[in-house]
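Each of the next two complexes has chain A plus one more chain, namely chain B in the first and chain C in the second.
Then we have the complex of A and B:
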């Protein structure tokens, strides 16, 4: 790089207002893109955290979600007897038949209410959620209308705090405990006794899904094949990981709209950068002529103005990263297309996401800077000198 | 190999504007020896600047050749001509043309960026050049913090820092008050006498021309023979005191 970088940096500082305005446009564009990326990343992290690598989710053939799956106690018994299933300390297979339903909870943000997953399960099922830690109160007791809520629910819905009663099924259910499951989906669910819920709903013989813990990776694949191909069972078995990963698509509309807006803004920002750089080239025509007389080549001039545009956009990119930083770890929620209830999670801004933002800003700077830099390089020396 | 630092043969430049041809320079044969200080004079539009620009390869002639230190400048490629100019030509403009965002020292260092010199050597050379023009105490001043005369002296330091074969100056005192103009002329005279620099200077000022060892006149694009002055020219020259 022959023409020193200080030359570009000082020129950017000299025309402060233009630089800041142009950079701000780029910053907003980057911020939009990064917000969407942070949302998707947060959702992905939450969903990935939800899945245990050895868990197999068994649902009725053809049903896409736990919620609309129906399994019977007989099927449960058959599944339990399959080979390759992990056993707990008592020697029982780690298989949990569960009943999933939704209740509407109101919050100050959503007075109309939001669908929240209620999961009926047994102690075996609860124990399979290893990352769920009781942080307040106690577990629900069998045969009681008692609820243990995920921490995210307790925080966001005043009506689901410790000691409160929620009405659904055939009566009032008391919140007796809070579990912290980190970023996993369990933090946005409520847990109750399977039999009590089934009795309330009259679904003792029509439960939802079955969760199975495979003994190891090898038997997991065999187990899934076995479960899916058993014609008598008529069930689907998939890795819990895959099930949750599919739910990342719930963010697709936001992702598509957000990316579309960011791209439109990026085109605008590129033109703004181009405009700024054309003005710089015009204002510094005599300097360009002088640099040429001093022996700098056309390529040197091109490089210098191109780099100046990149620096300008990089400034915008950094500003954009700063703008979205407060979003990091901010709690949010999205309606899942798979479970028809809410998944709550946190925006997550990773270094990779910021790198993407900076790269995106550099692309804007490059597209905006190429033509002005080219026009600077094409100038005839004497013409340039006269324009000064 | 020519013995001349500058030699032009039949050097011609025509500008085309629509269907008109403007002959800016017609068959000029200029010879400048090493260590000479030549002043170019002549009425406005007579082709003085055009001649300087062609010597510096800032423009291409429409006819004839330019040799600098025996090098046929017209034979250099686009890329080579930039490097050649950096190494062999120091150009001084009427309007100084310093880079406004760079300090005096950085302005003078700039042409050395194209050489193989390392940072410390570049700074050393730039400081030396600024010392020669008497501005050692203004190294870190921006151009707008300098007077016109000081700016032009920085520009001269920038022109000599690469130790070029020729210094070309186009009305270097044209934008200066008489005091600063005198400083610049004295400086150019010193560069010629003490440092043996070959200088070609365009000027309108007969007093300035007298600093030179030789004056050549141009008239309507013609380089007049040695000693010949344009018609009516005597009227504009004040008598020597």
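Then we have the complex of A and C:
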């Protein structure tokens, strides 16, 4: 015979303060774990959104990032002529040679300034970023020192708002437009005319990377092989997806520290849950005796107290999920050690993350509840009845 | 007084399991708090060691990814208050398999003859310094990294460049010791520079400047930046400490992150301790009635209960601090990206704050239940059933 669940629920509500305090301790622990998970998830989503499934990123052999890649206009011409490349409406191959550099922008949050990516490209390159919609102003014009900024940048950096002038290289660049690229990395970049930037940096013959749109999945693999194995080119081709996925590691330090903290806090919280459950067992000794007299088995008692502990921790887990909910969609940013510039993204709390949080709380409840439940089940009927 | 102490002691032994659990959970949380505060302290509050305070870093104002011309070195050396300028070029690159984080250590291309003057904290035997200087492909590594990768003088090390499209064939000629950051590798900038193509040659990411006097830091930094104000490539000069901090800022808002977690941890301990104390006081209401019948004043009763709570949390705090010291020792030994991490310890002010937090938690967690119990009329207290 099983002890009904309502028995446990009512017991938890009788000692409201104790229940709430124990649950809150668990909730905070879960909240720490979940906020870190939400940060990593947000970063991952942003990086995944940044990659087009048919895009191939071509860089100098040996370089790990667009920023330290060098490609020449001659290499660009050779790449353009390769088979398997998608064409636009005008019949031009959708290949974009780009120049990437970083500038320091200051914000109230970071007065010392943070590195932001500036990308020099042509109209073909801009058109390859289909998810980037112009939400304010207009595109930069060829031959002008004009700059279009990602929405994340415009929001976080007052000096990069519409109409302002940003100073870098040999002078000022006027902000003429803002693009919204959703969660993708383009929202945390700035875009300028390729030739203007190359001239400004004195890098007309040493540009950064080449972005290629493959015609379809099949030709994409062949194209990557062809580009990487061409000895004359001496270039590396990789799927843009793989390139961005590698950058998720930027959150590793925060992830490691956060998880470490959450695990240690969980140990402390399990001790607390254990305390609460031992107290519950002690207080209800007579009750346990009565239950045994009524015919409930030792196993039934054990299960009942164990379940009560799980319920207690589950309450904590749910509270923890509620606590981190306000974080969802909150804008934040992290430096990438691959690109040496900032990736801005939003915290993202998914159902899976919440499930992990609840599971985590249940583990705390289980470790905290097992021994007290065992001691409840071991009680001798007569001794138990005399107690309390 | 000693009578009271023994009563407090006996009381806390009454429910041993609960006391142990409470002390342990306070210990675990305070250990965490100690380590986090130590981290915060070493990043944001520690004074730069004397040798480091004498160094400035000059880099391109736009960003670290943009280099400066090598020719700036001579001009910086001419600034008043500058003792010496050394090329300090981050090489990056990969050693063996880059996917294994254990293979990460910092590699710098430097002017070898200036390394010992700019970084006097690096200790190495005379012979090894000589061997390092006399061979263009020589390199030296810190004791910690050398031990981790089993590097010995005479060993060959191949570094594949990522920022620089070169493969360097180096030979270890020395192992240096230092109190902090004995994890780096240094080799001749000349070797790197001569392997580069025309486009990348004669460019430097950062210069390390050694000052004559610490007090001149601000003035010299300004003088250097002013000198290049109208040059095509402008500079940003800051102390080495500030330069290191800018990397931490890069990880996100570390300051707020650490403070927030510290807050959450403290609040959690408060909940745990408060809960236990409320439980143990509630069990004892009848006893409080008896004590008061025997003539104990409400104040004395409250003192007894508070004393027990404070004693337990201070004991927990002490154990926690011990654990924190141990954990810091482990952190010091593990590979880290930040030099500050390699000498992390729990400094006295942090230990003091942690113990203060423990005491405060002992008081706060108990004050409400103790007050209520001590003010309860005797008759009611004696009748109280839990």
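In the analysis below, the second predicted complex is superposed on the first by the 387 of 388 C-alpha atoms of A that agree within 3 Å, B and C clash if a C-alpha of one lies under 4 Å from a C-alpha of the other, contacts with A are read in each partner's own complex, and residues count from 1 in each chain.
Just so we're on the same page, a contact is a pair of C-beta atoms (placed from the backbone, for glycine too) under 8 Å apart; a residue touches a chain by one contact, two chains touch by 3 or more.
Just so we're clear, the structure is a prediction, and the values are computed from it rather than from any experiment.
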Please tell me, clash or fit, for chain B and chain C sharing chain A in the overlay. fit
For A:326 in the superposed arrangement: first (chain B), second (chain C), both or neither? neither
Touch test for A:171: chain B only (first), chain C only (second), both, or neither? neither
So, does A:6 touch the first partner chain B, the second partner chain C, both, or neither? first
According to the contact criterion defined above, which of chain B and chain C contacts more residues of chain A? C
A:290 contacts which: chain B (first), chain C (second), both, neither? first
Angle at chain A, chain B to chain C, CA centres, as a multiple of 10°? 90
Just checking: does A:298 make contact with chain B only, chain C only, both, or neither of them? Give me first, second, both or neither. first
On the overlay, how many Å separate the closest CA atoms of chain B and chain C? 11
Considering only the contact definition stated at the top, list the common interface residues of chain A for chain B and chain C. none
In the complex, chain A touches chain B at residues 2-4, 6-7, 10-11, 14, 286-287, 289-300, 380-382, 385, 388
Quick check: in the complex, which residue numbers of chain B touch chain A? 53, 56, 58-59, 78-79, 82-83, 85-87, 89, 91, 93, 95, 97, 99-102, 106, 110-111, 113-114, 158
Residues of chain A touching chain C in their complex? 17-18, 21-22, 24-25, 28-29, 31-32, 60-65, 67-68, 70, 101-104, 109-110, 112, 114-115, 168-170, 205-206, 253-254, 258, 261, 264-265, 267-269, 271-272, 274-276, 278-279, 283, 332-335, 337, 340-342
Touching chain A in the complex: which residues of chain C? 17-18, 21-22, 24-26, 28-29, 31-32, 36, 61-66, 98, 160-163, 165, 199, 232, 242, 246, 249-253, 257, 261, 264-265, 267-269, 271-272, 274-276, 278-279, 337, 386
